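Here chain A shows up in two complexes: once beside chain B, once beside chain C.
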Partner chain A sequence: MAGKSGRTINNVPESSVKRMILSWEGILVLVLIGVNIFCAFFSDVYNVANLLRQMPYYLAEMFLMIIMAFILVMGEIDISVGATVCLCATVSCIVCNTGAPFIVVILATLVTGTLCGALNALILTIFTELPPMIVTLATQIIFRGIAEIVLGSGGSISASNTQGFKILSTKINLGFGKVPIILFLVLIIGIIFAVILGKSTFGRRVYAVGTNRLAAHYSGIHVQKIRFIIYTMMGTAAAICALFYVSSSYGANTTTGNGYEMDAIAMAVFGGISSTGGKGNLAGGILSAFAIVCLRVGLGQKNVHAQVVLLIVGALLVAAVALPNIIGSLRRAVKKS
Partner chain B sequence: MKQKSTLKKLLGSREFLLLVIVIAMFLIVSAINPAFFSFKAISDMMKNNAVTMVMALGMLCVMLVGGIDISCMSALALAAMSIGMLFKYGGLTSTILAFLIATAIGTACGFVVGLIISRADVPPIIATMGFMYIWRALGYLVSFGGEWAGANVLGTFPNFGTGSLLGLNNLVWVIIIAYVIFFIFMKWFRLGRKIYAVGSNPEAAQVSGINVRNIKLLVYTIMGVLSGLSGALYVATYASAQPNMNETTGAMDIIAACVIGGVSMSGGRGTVIGVLLGSFIMAMIPKALPLLHIDALWQNTIKGVLILVVVVVNAVLQRVADRNALSRREM
Partner chain C sequence: MAEEYVLELKGITKIFPGVKALNRVQFQLKPGEVHALMGENGAGKSTFIKVITGVHKAEEGEMYLYGKKVDFKGPKDAQEAGIAAVYQHATSYPDLTVAENIFMGHEIIKHGMIQWKTMNEEANKLLKRMHAEFDATAEMGTLSVAEQQMVEIAKALSTNARIIILDEPTASLTKSESEELYRIVDQLRESGVSVIFISHRFEDMYRLASRVTVFRDSQYIGTYNVDGITNADLIKAMVGREITDLFPKPQVQIGKEMLRVEHLSRTGYFKDVSFEVHAGEILGFTGLVGAGRTEVVEAVCGVTHPDSGKVYLEGKEVNIKQPSDAMDLGIILLPEDRQKEGLIMSWGLGRNVTLPVISKLANGFFNNEPKERELSKDLLEEVDTKAVDIFQPASSLSGGNQQKVVVAKALAQEMKVVIMDEPTKGVDVGAKAEIYSIMGDLAKQGYAIILISSEMPEILGMADRILVMCNGRKTGELNNDEVTQEMILELAMEKGTTTKGGAAS
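Now for the complex of A and B:
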């Protein structure tokens, strides 16, 4: 189709192998493969069976990453999720210890998480001028504070009736190893939300809000409604994360979920989701999350100090955001001269 | 256009409101428990919160340009751990040298963070999150994987935290000097005004000849200097250095003190006096609760609710002010 200027406008994006590899997701696939090769050489017990056995502990954080991606795409941030996980884990242990059936435990946890998320959402949508960072900072302190009050001076609680939680940590034998159901769940939910973010009207609206909020508002998008839904979902995701946390540790204490929000943000940002909004997709987030999980499992097997793993994650995070910017500005400088 | 009188300006300012809150809190608590109303109690309160109070000044600078630094507590841990290990194995004995080394390490940390943020255009929250992990991990590595430096190896260094000059604790002197320097620097120095200029409108600042990138580098370096200094203060106060110091609270207490003190997250708004009063309020809560016979477990919840209330009330007041300004224009 020839345009006014005589140029041909091609709406179909070019797809080639080179483009696919050079995209951030392509690099992440290489990183994931590289991490696995590195771990296999580094640790002699790094194999599929062990990976599947040790994975669930880290996979719970991926639920947070999935919804955190939506918040980051909107150009906002939620640092209260770690504390929400703590509160939800506490509630699930308490309800579990009353002897209630497991379905009640799940419902109570989900309701708690959703209420926490809804509180954030309510404040942020009523007072739209408030920065999410500050509001979620305050609610972070409040949620963890409530958990501290509930837990009392001991500061920890353990779930006595573990029967129900064992369901969540069951593994299905698929021949090459026992696959934990959390892996299936993470993949299914991840793919569903990747499609929602990438292909659905709702997802495109989230990008619109993240790119230019005012323009989105004037083009008839209910910006506040979208923000409310996403922040509430974030609470629900924290509750799911808490359930799986309790199913692997059978207890909760006041430091439960400490730093989870940072881990979730790190996974998403390393996956190419810009914290300034409007950029990135969930496929990258999921790939980077798996790369980080594999790295943690592999280094953990060799008793590498957890702090060293965090050092590597931190360095990767800074490099992942800084390098493209530096290369871009160098390229611009070269073009100018 | 008529200038508002100085008195009216003073009464209408945010700092005045905060001062009223601080005095009211102070009077209420003192009325219930007279033990709070003593020179020693206030001096102790400042001493115990020296780290937060000093670092809040750096956070003020960072937040004035619209940034945020959550890596500062990790930088503190790295600086403190380094001098702790030097005391233990390096044969370090001089107090002044320890302060200089800690400050130098903190400055280097801040400079690197500033470089990444200003030159590579990494969003401050992401960059400082990465460095939060990196500095903390380096702190662990410096300590050979989690060793402590206790009072027995620190020699005469903890004397700095207990010693006093002219009847005032050394740490209180450090706080007073830091606040006086920053008050003058932010109000009358060209560099200080440039920080405000960059914060309120980066484009306008750039056009009017301010090197925005260098100002950004500067504020994170200032934060680093204060983190390093606070690292030494921490070791002197508690007579111990451990790699997990302040790991759970992180920078949140400092940010909270700034926010209560009226520093805006979007930049350009906030004063040294406000930060002083904000960190006073944050310091008073844990001190006042036991005197009011409230369980210490409630401390964090009350802090959080207070931050939320301050932020929301501020937003409501701003809305009212905007509406008044609009209605006046219509007439």
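Now for the complex of A and C:
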């Protein structure tokens, strides 16, 4: 059906192979390979078996990154997740120590995390004008405060019955090494959510909310419902993260989960997900998360101080954020000359 | 001869991308005179003021201050030359004190320290001059709108302004507050300050101004002495343009009632508004900017929530809580602000068009992108959008074509009632005609249409019935065959200046 003037409008998308290679995700694949080559030269014990063995501790944070990506795409932030992890880990240890069956431990942890997320969601969707940064800062203090009351100031708790948690740290031998089940789980959940964000109607709406909230509202999108769902899921993700944390440390203390929210944000932003909303995808987030995890494992093997590792990750992050600007100004400079 | 005037502008032309906002206009201000500047919305008054105050730079034309040619590079230059503007929406800092607001940007400083005592004293002196009943240390946010305006005027005086521009100062004032303002303006005039006064109220003009200049369609129409001009002359000068066949209004058999709104109220926005619209009918909604037209339809469509009132669709009462409810019922709003409310500017055209209907097109949980591309292509071609492909961002189109995308987005949905809020705002004449023709087609297809517009020719050219609002109230409902622009304008203006507004039903 051509218009009155007979003008036709093209609706065939151009081939995306070239775009894919030049995209940020393409660069991230190279970064991931580069990080692994670097680590292999840097550390003589950096190999597949060791990587798989040391990975689980860092992988737990990836659950946070997956949902954090949704929050960032909405143009918002949740900095309470680290504290939620702490509270969930504490609850799981307490419930575990009562001798309850492990399924009860899992459920109790998931419920705790989901409730924490729902509290954020409730505040943010009822008082829509409040900035998420401040609300989640407040709930962060509350969640960690509850954990500290339970644990005592600077206290800790350890899980006495580790039978259940050992199930979570099971490894499956696939010939080239023992693959921990957390790796499978992270990949499966990551892919599921990447598809939700990239291909589903829900994902499209999340981008709409993150790009122009007002236009989304006028287009009939239930903005607050979407925000509620995502913030609640963030809490659930924190609970899953906490379960795997306890399964590798068999306990929790008042500093558990410190800085996890920032790690999750860093992974996502390094993966090309803009903190101003509406940009990026989960494929980038997952690739960048693996690059950071590999780097941490490799540097950790040579006993590089944890703070130095943070320094390097921070420098990478600044570089990643500044890169589009640098490329832009280079281009302008080339054009001028 | 130039010395006769404190301020004289000649042949001012200001061009915004695609629009000539001012076309060779002129203006003269005598010393100690109050000069009214009148014209319809969009006639170019505000742009003209911004040229005087140095906010905009005119492409052509000359400006003389006390007979000397001046060329302002920015607002600071104008301020130093003694020109100050008080804008319609007070640009104050509500959490700071009155004195801080008055001296914002030119604080009294000695040895690098703000002299609070002197500043408060000076501020109080200025306030006393205007017989203000509040202190300079009061917080700005605690004052009434009228008092805030006094502070704005005091701010202008504090810069030793000799020319003060008031942009619709009475728009949000009550009757007695307006009286207070008149008194202050009289005082200013007596002290030798020249005042330029923009207002939609005839009352203001008669009460204050000695001369009035009228702009229309970005052009200078004339300057008249206030003594010896009548309401009718002035209205004719303001709106009297010829209506050509810009409006292809088809003859449509008007069908059954589609939408009926009864006694809709929202505190602070509008009160007791009732109307109905039939299939194939175009209902014009007019009034001055801020009359509450947009607020009424937004409440009908669930964007905001009315406090009371009922909405019926095809005779059945409906309960609309959010925009998606209205859309499911077939009440589609095309919002006023295309760039903020209508479209996601950084998205491709196709995604914009299908955004409200992705669920209907989807395969269960997943977007059906091929189907989306097909539908958006068809609709964008139907409204004849000047675009290359459906992937180019909405921001790459002109205003008129962006509006067509908004129309295509509406067409993607199941429509019964179409509400178009200022569909031709900021759109050039060619695209305007195309949008009117689409509107006519929609009416022919039996949709009920509500057209909100401040443009008189558009309302008269397209609407079957015209509903006029003023200050949040419906002031009249007229049939198009019995109506004149003057009748509408009088209903749209403040009551008290009305002489023949008896047409209200």
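By definition in this document, the second predicted complex is superposed on the first by the 311 of 337 C-alpha atoms of A that agree within 3 Å, B and C clash if a C-alpha of one lies under 4 Å from a C-alpha of the other, contacts with A are read in each partner's own complex, and residues count from 1 in each chain.
Assume contacts are C-beta pairs under 8 Å (C-beta built on N, C-alpha and C of every residue); 3 or more make two chains touch, one makes a residue touch a chain.
Source: prediction; values computed, not measured.
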Tell me the contact category for A:130 with respect to chain B and chain C: first, second, both or neither.
first
Where does A:211 make contact in the superposed view: on chain B (first), on chain C (second), on both, or on neither?
second
Which partner chains sit in contact with A:334 here, chain B, chain C, both or neither? Use first/second/both/neither.
neither
Check whether chain B or chain C contacts more residues of chain A in the superposed model.
B
Applying the document's definition of touch, where does A:174 land relative to chain B and chain C: first, second, both, or neither?
neither
Which partner chains sit in contact with A:266 here, chain B, chain C, both or neither? Use first/second/both/neither.
first
Quick one: classify A:220 as touching chain B (first), chain C (second), both or neither.
second
Does the superposition put A:201 against chain B (first), chain C (second), both, or neither?
second
Now for A:103: first (chain B), second (chain C), both, or neither, which partner does it touch?
neither
Overlap of chain B and chain C contacts on chain A, residues none
Per the touch rule above, chain C residues touching chain A in the complex are 303, 322-324, 326-327, 333, 335, 340-347, 349-351, 355-356, 358-359, 362, 365-367, 373-374, 376-378, 380-391, 409
Chain A - residues contacting chain B, complex:
77, 123, 127, 129-131, 133-135, 137-146, 148-149, 152-153, 255, 258, 262, 265-266, 269, 274-276, 305, 307-308, 310-311, 313-315, 317-318, 321-323, 325-326, 329
Taking the complex as given, what residues does chain B use to touch chain A?
68, 116, 119-123, 125-127, 129-134, 136-138, 140-141, 145-146, 243, 248, 252, 255-256, 259, 265-266, 295, 297-305, 307-308, 311-312, 315-316, 318
Note which residues of chain A are touching chain C in the complex, please.
1-5, 7-13, 199-202, 204-205, 208, 211-212, 214-222, 278
